[in-house]
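Take a look at the structure set out below.
Naming follows writing order (A, B and C), and every chain is counted from residue 1.
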Amino acid sequence: MIALVGAQSRLFGRAVLGAREPRLGRAFLSQVASLGGATVPLVTFGMAFFGMVMTTIAWAQARKYTGSLAVVGPAYFELILREFAPLLTALLAASRQAAFVSAELGSMAVNEQLEAMELSAADPVTELVTPRLFASIAVMPLLTIIGAVAASLSAMLTVTFFFHEDGLSFVSPQYVTFGDLACAFTKALAAGAYVPIAAALRGLRARGGAGAVGDAVTVGVVEACMGCLVLDFLIAVFFHSVGA
Amino acid sequence: MRLLGRLTIMVLRAVGAVALVCARTALALRHVSGRELARALTLFGYRSLPLTLGAATMIGATVVLQAGVYATRFGLRLFTGWAAGYALIWEFGPLLLGLIMAARIGARNAAELSLLSVNGQLEGLRGISLDPFRLLVAPRVVAAFLSVGALAAVTFLVAILWEAVAAFFTLHLPLRVFFTSFPDMLRWTDLVGGLTKTIIFGGAIAVISTAVGLRTRGGAQGVGRAAAEAVVACCATIFALDLLLTPLLSRWLS
Amino acid sequence: MNVSLDEVSVVHGAVRALDGVSLQLPLGTQLLVWGAAGGGKTTLLKVIAGLVTPSSGQSRWDGREVATFTRGERRAEQAHLGMIFQSDALFDSRTVLDNVTFPLVRRGVGEREARERALATLERVGLSHAVDKTPETLSGGMRKRVGVARAIVAGPDVLLADDPFAGLDPVTERAVGDLLLEVSRGRTLVIAVPEPPRTLALPRQLELDRGRFAQP
C-alpha cells in the first residue's frame, strides 16, 4: 500500500517534470480528445439517468415527510453539485480513462515499445504519461460541469413532466455556497490528477504477454476507482472540518 | 439518418450478443463443473472482499458526512440514521458497489475470456468437442451473480457500521440513537430492494463482460481494448438499469 | 563505443536470466549469439543497450560503468546504440516515416534534416514506397526493415538485433541478414538467434544456454 502510493507519487513527480519538454502540445491535444471528448457521452448519459433517480427518491421522501418537493429539492440540488457530480463523474471517467490508459500503455510495454522509446532518446514517462496527466487534469473539471448540468437538467425535466411540479424550484440554488463549488472543483482536480497516474503506473509495469495487459487493466481500473473514493472522502473531510 | 441506422445496428448487435450469452449460459447451467465454479467464486467473490470492505468504509463515511449536513440544517439530527441508511441501501450502496464491481469483475472477466479467445484456446476446446460455454462461461456468470449478492450484503452491513461510527465522531450522535431510528422507519422491504438491485447489476456485469470478452480479436491490444470496453459498457448499463429498477422495485415493495 | 560485461547476472524473481556472463565487445566486433528460447539472449542484448540493469556484476560503455550514469547521461550515451526488437516494437500510431524520424527529432535534429536523413535511411532498407503507411498494414519483412531503419538512422556504433529472422521466409531472411551486415560495416553488430542460420556467417559465434555461455 505504502509502496504503491510511493511509486505513484514518484511517477507523478516525473510526469510533472516532463512538462519541460516543449514538443508535447499535439500529444496533449490528442489526449484531451481521447480522454475528455470520448468520455462525454458516458458522463452525460450516466449523470442524466442519475438525476432522474435522485428526483424519484426525493419525491418519495417528500411525500412521506414534508409533503412538498420544493422543500427537499434545493437540498438535493446542493447534494448533486457538491457530492454526486464530482464523485460519480470521477468514477465514470475513471473507469473509462483508466481502462484505456492502462490498456494502451500496457500493450506498448509488452511489445517492447517503451524500450524502443528509451533507445530513441525519449523518456517514456515524459512522452506518454505527461500529456495524459495534464489532459486529464484539464478535462475532469469540465466533465464534472457537464455531469452536473446533465443531472440537474434531467432532474428538472423529470419533476416537471412526471411529477407535475415546478421543476425550477428543484434546482433552486438557495443552499449552494462558494464552499460547495470549491469542494466540487477540488475533488475534480484531484481525481483528474490521480486517475491517469494510477492507470499509467500499471500499464508501464506490464511485462509478459496479452495476459499481463489484461491484469494491468483490471488492477489499474480498480486502483483508479478506489483512489477516487478515498480522495473524495479526504477532501470532504477537509472541507467539513474547515466548515465550508 | 445514417448515424441513426449505425446506432440501431450497434444496439441490436449488442442485445443479440447479450441474449446469446444468457441463453447459452442457461442451457449449460445444469452441467456447470463444480471445480470451475469454485475457482470463479474465489476469484470474483473472495478476492474482491478487501476492495469491497475498503469501498464500504469510504461510502459509509461519506454518506454520513453529507447526510449529517442536511440533518442538522433541517433539525432532524435524530433521523440521521434513517436518512443515511435509506440512501445507502437504496441508492449509494448498489450504485457504487455496481460501478466498482464493473471495474473489478467486469474488466477481469473480459480480460480473461478475451485472452483465451485471442490465444485460440476457445477454438481448441471446440475442436475437441467441449462446449466452452459449459466449461468456462456458465461458471463465471453464476459466480458473478452469487459473489455480487454476497458482497452487497457485506457492504451494506459494513457501510452502516461505519456510518454509525462516523455519525458518532462528526455529529456526536450516540450509537444507540443512530440505530433506534432504523427499525421505526426502515423496513425489510428496503433491504430486499437494495439487494435485488445489486444482484441484478452483478448479473448484468457478468453477461456483458462475457459478451465483450468472447468477441475479441487481435493480440495484446485486443485484450486491453476488450477490458476497457467491458468496463464502459457495464457502467453505462448499471446507470440505465438503476433508473428502471428504482421506481419498479419501490412500487412493488411498498 | 566499446562495450564490456563483467560477471553480469540478471535475476527476475525466481528466474536467473543471466548467470555471470562476461563479454568484450570492442568497436567493430561481429558477434552471433545463439541458444534455445529462455536462454537469456534478449536479456543479454538489453543489458548491453542499458535497458536492463544487472542484478550483480558490471556493464561498461567505454570503460565507464552504466549503473553510475544519471538518467539523462544514459539516454545521451544510448545514441551510440541501436536495437532491433524481437516484436519490432514499432510505434503503431505513427507512420513509417515518423517512426524513423522519431529518434532524430528527440535528439534535437531539426525537422527538415531529420526528414531527409530518415528518407535516405528508408531508401537504404528498400522502403521508399511505404513511408506514409502505418506499421499495421506492413508485412513481417517490411516491419523488420522499418525496425532496422529506426535502429540505424542515428548512426549508432553498436547495432543489436534480437531474433531478426523470426517469422521470415528464407529469401527475406537472407535479405535482412545482408542488410544487417551492410549497414553495420566497421561497427559492432550483435545478432541473437534461436539457432545459427546457414546463410549468415559472423566471425564470432557464442552459444548462450540457461544464462551462461556454453564452453566451445
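Please note the rule applied: a residue touches a chain if its C-beta (ideal position, glycine included) is under 8 Å from a C-beta of that chain, and two chains touch if they have at least 3 such contacts.
Just so it is clear, the structure is predicted and the values come from calculations on it, not from any experiment.
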item	value
Contact graph of the chains (line, ring, star, complete, other)	line
Per-chain CA centroid nearest to the all-protein CA mean	A
Chains linked by the largest number of contacting C-beta pairs	A-B
Maximum centroid distance from chain C, chain identifier (CA atoms)	B
Between chain B and chain A, distance of the C-alpha-averaged centres to the nearest whole Å	19
Approximate Å spacing (C-alpha centroids) for the pair chain B, chain C	48
Gap in Å, rounded to a whole number, between the CA centres of chain C and chain A	41
Shared interface positions of chain A, touching two or more other chains	111
Shared-contact residues (touching 2 or more other chains) in chain B	221
Where chain C touches two or more other chains, by residue	92
Sites on chain B touched by chain A in the complex	51, 54-55, 58-59, 61-62, 65-66, 69-70, 73-74, 86-87, 90-91, 95-96, 99-100, 102-104, 107-108, 111-112, 114-115, 118-119, 170, 219-225, 227-229, 231-232, 235-236, 239-240, 242-243, 246-247, 250
Chain C-facing residues of chain A, complex	23, 111-113, 115-123
Contact footprint of chain A on chain C as seen in their complex	46, 49, 51, 71, 75-76, 78-79, 81-83, 85-92, 102-103, 105-107, 150-151
Complex interface listing, chain A residues touching chain B	42, 45-46, 49-50, 52-54, 56-57, 60-61, 75, 79, 82-83, 87-88, 91-92, 95-96, 98-100, 102-104, 106-107, 110-111, 175, 209-218, 221-222, 224-226, 229-230, 232-233, 236-237, 240
